[in-house]
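The chains carry the letters A, B, C, D, E and F, assigned in the order they are written, with residues numbered from 1 in each.
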Amino acid sequence: MNAVSRPSGRASDQLRPVTIERHYTRHAEGSVLVSFGDTRVLCTASVEDRVPPWLRGKGEGWVTAEYGMLPRATSSRTQREAARGGQGGRTQEIQRLIGRSLRACVDRQALGERVITLDCDVIQADGGTRTAAITGAYVALVDAVNVLMKRENLRRNPVFGAIAAVSVGIYQGMPVLDLDYAEDSSCDTDMNVVMNDGGGFIEVQGTAEGHAFRRDEMDSLLRLADQGIGELVAAQRAALAQG
Amino acid sequence: MNAVSRPSGRASDQLRPVTIERHYTRHAEGSVLVSFGDTRVLCTASVEDRVPPWLRGKGEGWVTAEYGMLPRATSSRTQREAARGGQGGRTQEIQRLIGRSLRACVDRQALGERVITLDCDVIQADGGTRTAAITGAYVALVDAVNVLMKRENLRRNPVFGAIAAVSVGIYQGMPVLDLDYAEDSSCDTDMNVVMNDGGGFIEVQGTAEGHAFRRDEMDSLLRLADQGIGELVAAQRAALAQG
Amino acid sequence: MNAVSRPSGRASDQLRPVTIERHYTRHAEGSVLVSFGDTRVLCTASVEDRVPPWLRGKGEGWVTAEYGMLPRATSSRTQREAARGGQGGRTQEIQRLIGRSLRACVDRQALGERVITLDCDVIQADGGTRTAAITGAYVALVDAVNVLMKRENLRRNPVFGAIAAVSVGIYQGMPVLDLDYAEDSSCDTDMNVVMNDGGGFIEVQGTAEGHAFRRDEMDSLLRLADQGIGELVAAQRAALAQG
Amino acid sequence: MNAVSRPSGRASDQLRPVTIERHYTRHAEGSVLVSFGDTRVLCTASVEDRVPPWLRGKGEGWVTAEYGMLPRATSSRTQREAARGGQGGRTQEIQRLIGRSLRACVDRQALGERVITLDCDVIQADGGTRTAAITGAYVALVDAVNVLMKRENLRRNPVFGAIAAVSVGIYQGMPVLDLDYAEDSSCDTDMNVVMNDGGGFIEVQGTAEGHAFRRDEMDSLLRLADQGIGELVAAQRAALAQG
Amino acid sequence: MNAVSRPSGRASDQLRPVTIERHYTRHAEGSVLVSFGDTRVLCTASVEDRVPPWLRGKGEGWVTAEYGMLPRATSSRTQREAARGGQGGRTQEIQRLIGRSLRACVDRQALGERVITLDCDVIQADGGTRTAAITGAYVALVDAVNVLMKRENLRRNPVFGAIAAVSVGIYQGMPVLDLDYAEDSSCDTDMNVVMNDGGGFIEVQGTAEGHAFRRDEMDSLLRLADQGIGELVAAQRAALAQG
Amino acid sequence: MNAVSRPSGRASDQLRPVTIERHYTRHAEGSVLVSFGDTRVLCTASVEDRVPPWLRGKGEGWVTAEYGMLPRATSSRTQREAARGGQGGRTQEIQRLIGRSLRACVDRQALGERVITLDCDVIQADGGTRTAAITGAYVALVDAVNVLMKRENLRRNPVFGAIAAVSVGIYQGMPVLDLDYAEDSSCDTDMNVVMNDGGGFIEVQGTAEGHAFRRDEMDSLLRLADQGIGELVAAQRAALAQG
């Protein structure tokens, strides 16, 4: 097992350097630039005093997400979705995942009749954009809710707990944490895991790329994810502890 | 725990009645009507002698899927996607899942430069449409490949193993197998599991709808899925054994 | 004239076997699987308590139709309209025809402010899908209106008379009834006729595919249509007479 | 019966004044402004040296049509289809009819591998736009083919015979020829008839708007159409006889 | 400088013949066919008693424009935008320019809560379609406002001053007025200028096609534009002075 | 005149602080983050070895641009164009302007059969996004061309001269340079000017928002633009002089 080395030289259970920069842009209620190594995602949280039609008059709010990738975030240029006439299947799948994940830490009644939209735009991609987006969007959400609490005098904080996400996978037979693009494009199994700070699972999405994965491999992956998410939650806390 | 009873009266580890009707329509190379209880999906496999642009000249084939739901497959009418101007995010997510799952049992070099398209159209919905679709599409795929082997004299069978799928979830605190709509719309956790006949995982997609799920709950769900998929693979074999 | 034989061996004035299966799916207020030989169309009638914007507050209802074809209803796969981004010209022309035809037997004031949508989805195509759709949709409409009359206590039945449709054409010089695909794709003239049970014309759409048709040929076609529709109306009645 | 008078004061078998102005614009190979009373349609015929993909290499040409209506051709403004994002069902139905009708007088082998596109744009609408369009498009087509014959030295003329169209209908119980908008919007039955100069039918599209029409009414309508088309063909000939 | 001659033989400061034909179609409140030489644009002004959502309840109206080109207005056929699925960038740019230009002579409070839509459809193109459109749309706007004043008894005329537009450019080194297509397609600099009858600038849009233009060239172009617009305003006045 | 003060306290002829950060992301051949005060635009230049269809086989290249704005670059959230189904009129107008402007400094024959795409994505908006985009895109273009020259051994540099852009306008009667959002949203006249480093004009787009602007005002604006562009070209040179 020790014979396998990761392209980046990282240990199998080692995250890439994580940075979380708050207040990156000035207009949004929450604005966070998150980096997982060379993957950089700008996550903004926007508060609007409206709800989608199906929630009108119910006294609840909504949290939703949109995901995009700048055309040259990738090694070769990707056509702009606005120019292509709509969001592709992958984009929709990712933004639905981000929205579901973040709703898992929001009390929608405490939020009141408001929508918070989490826009996650990938500035530079090197694998793991959706997990970085979820991890950064949580911080943007907390910042936006704090603005709202000051401005609107909410009775209680609608955010409970913390949410973070990480990818795990089997690279050349070895379970590894936080795949970068070099690993992601050649791994056998790829799994995205979203958890809360209490160790509960929010989402588990595992895909066998090459051969099917066994139950014991899955157990190893879930253990790695659990460890990585602990470190990411700590990074979120540290970022939020600053001014 | 025993106090919880399923709306359908089934035991927690009991599938709905499964039927697999081959040769349901006459034009497609493979045509299967699959039922998981009241969920009925028509799965057709169409063979075309072309490949997508990115595979030209590589000597490999492709397997892809499309998913649709008739407007009144559901209890209230759903707007037709063709009339709305495109496939929604849920549809794209499901058809991507079906395609990925079935590609896991196909040797694309043995297939040669051909595309097999699996069209999964829901005639009637009662929960679990995507897992029924995958389970039925596998049978349609085998039928289509057998037509192809007779017609084209392929050197070896491009399909290896079998693929089936089932949903599991936590309903009122109890892990249950093969959720119907009544359970699906009120469960705490919903997980779709795709496996092969060797017990390997192809896809695991678990979502906490209410509270986050614990590691031991996940283990129970995976055991139920493993058992259910064993029964589904047996049903596929029985169907394929008939003329 | 006798020298011409139809590909199916039918007499020139012979319909294909017609079956009308009610309650085919369980959610729709009316659900009918109609077969004209190998042509099979699922017709559902859905009742909704709303009217289009231009009818608001007028105390009248509306009947409309949508038409679709499963991708592999045809001998080679047809691209899914939802994936292509919209309904094509042929689809729109057919669904407009179905809607107009069925409105001819509905008293929209007696219906009240409701919409009944007739979804006609072709499961298998062998010519004559639009005429089968109209004939089946009528039965689905009656079933839906009966549900509505029980549920809403309407003062009078909004459906009057019966509507059925059949194709006629000139195949190798001979006027024939109810063209199948083999005839349809090589006939000289193709005419779709919609009539009511009183022998009145609702729609006549005749097209010269090869040479222009003469007035006496048109007369022969209209006589064949009149006879065929009589048989179809009898089949509708027989189906509706069952529980 | 004589008590009924038409809003325009015309006799029941009287066309509106018909004018056919050739060479209306200068770029198109054929350019005709046709008027049926206040209905004015600009019909241009454009020749292109290409064929649609499905005709490549077959040595045949194609004739197709597109139809449009300027936003304020109608009494209240209609939204521009380009702004709405596509052509509606009515537009597609009409342009398919125009294309089919004109193909009925073209020998596509004699045309060679070329497309002639007939653009019919309604400048002002007062009922009967599709029949005026077909009648005018025929003249534009002849002009374009004549240009082509001079330029390309075709061996034989691909146009045979003449095609014209007129609407007939039952207005307040009386069969009438060439309905204007006032009649069209309140008639019981509306029928568009396309014929050639030999008295053969190319298309018959009759619709019962109010009550179903009887066989004898249909016979009266067809007789009126036959007479009107004779006059329209004469007007086409007169126009084409001028330099 | 004198050595350069324009393809049309015009003097460098000479407009093409300008005609402005009012009441060209009968339904629109204002309907003007404007010609700048062979460029012919139908400009209609439509009044509607509604305002866009963002103006509701503000007591102001709106003036907007749409631009289109018939497919064979040009020397080779241009694909119809409605068939292509939407308005292209050039179309949107032009119609935004027309709308902005005309709003510069309208007191939107005096107009009241109404929209006037200026539809500018190019019947035949020979360069300068957008400037002809603006010049003609002004006359249609005045006609529509006069209808409105008679019908609605407005307290004051919402139109103040006059607006006209012309193109200028540098053709083979020589500043010229009102470019036709032959000049437009080979000029070095192309500038569209919109001015009011007081000599004020509303829009100046200059583009270097070949080499960058110098400040003294710009001054020459602006002088030519100023002169040409004086003549166009005179033509507008003359047209409006007729019954 | 001195009584008017700008919201930012700047002098009338004072640019906002300009920063040009090269190599902002790592995948693109050129990647520049440009700031005009709080307006921040990421400009990437991507080289692809293909040309648009109309240039095939002509031995020339192409330079094009796309423009986008992140949803929360603005003070309230703007809907994502990809989610809306296409690029709006303003976006298309801006990206056409950027593309035309940059093509003015490129020898397309020296570029060879390649496309350089300039993606300009607004991270934060405070007025002047299109002029910042042009100014930054020039630097990205130079970086990309330098990469290309090293990699492909081009015979000569396809970029000649420099291109920069700035906005000028009349704010409360005073001509000012480089409007920020507070000025832009309330100014009387707004003009975007694109020039090269030789003082030649590439584009001039002036719009009267409130009252028409006079010739002497235009002269003042052009002088301010000329001065500002001189400073911007100096900033471009300084940035490019760094490793």
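Here is the rule we use: a contact is a pair of C-beta atoms (placed from the backbone, for glycine too) under 8 Å apart; a residue touches a chain by one contact, two chains touch by 3 or more.
On a predicted model such as this, the values are computed, not experimentally measured, just so you know.
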{"item": "Distance in touch steps, counted as few as possible, from chain C out to chain E", "value": "2"}
{"item": "Most distant chain from chain F, judged by the mean position of its C-alpha atoms", "value": "C"}
{"item": "Chain centre separation in whole Å, for chain B relative to chain A (CA means)", "value": "28"}
{"item": "Mean-CA-position distance for chain D and chain B (Å)", "value": "51"}
{"item": "Multi-partner residues of chain D (at least 2 other chains)", "value": "85-87"}
{"item": "Successive chains around the closed ring, taking chain D as origin and chain E next", "value": "D, E, F, A, B, C"}
{"item": "For the chain D and chain C complex, residues of the former touching the latter", "value": "86-90, 92-93, 95-96, 100, 104, 191, 195-196, 198-208, 211-215, 218, 222"}
{"item": "Chain B to chain C touching residues, read off their complex", "value": "25-28, 31, 38, 40, 42, 44, 46, 48, 66, 68, 70-77, 80-87, 91, 117, 119, 121, 123-125"}
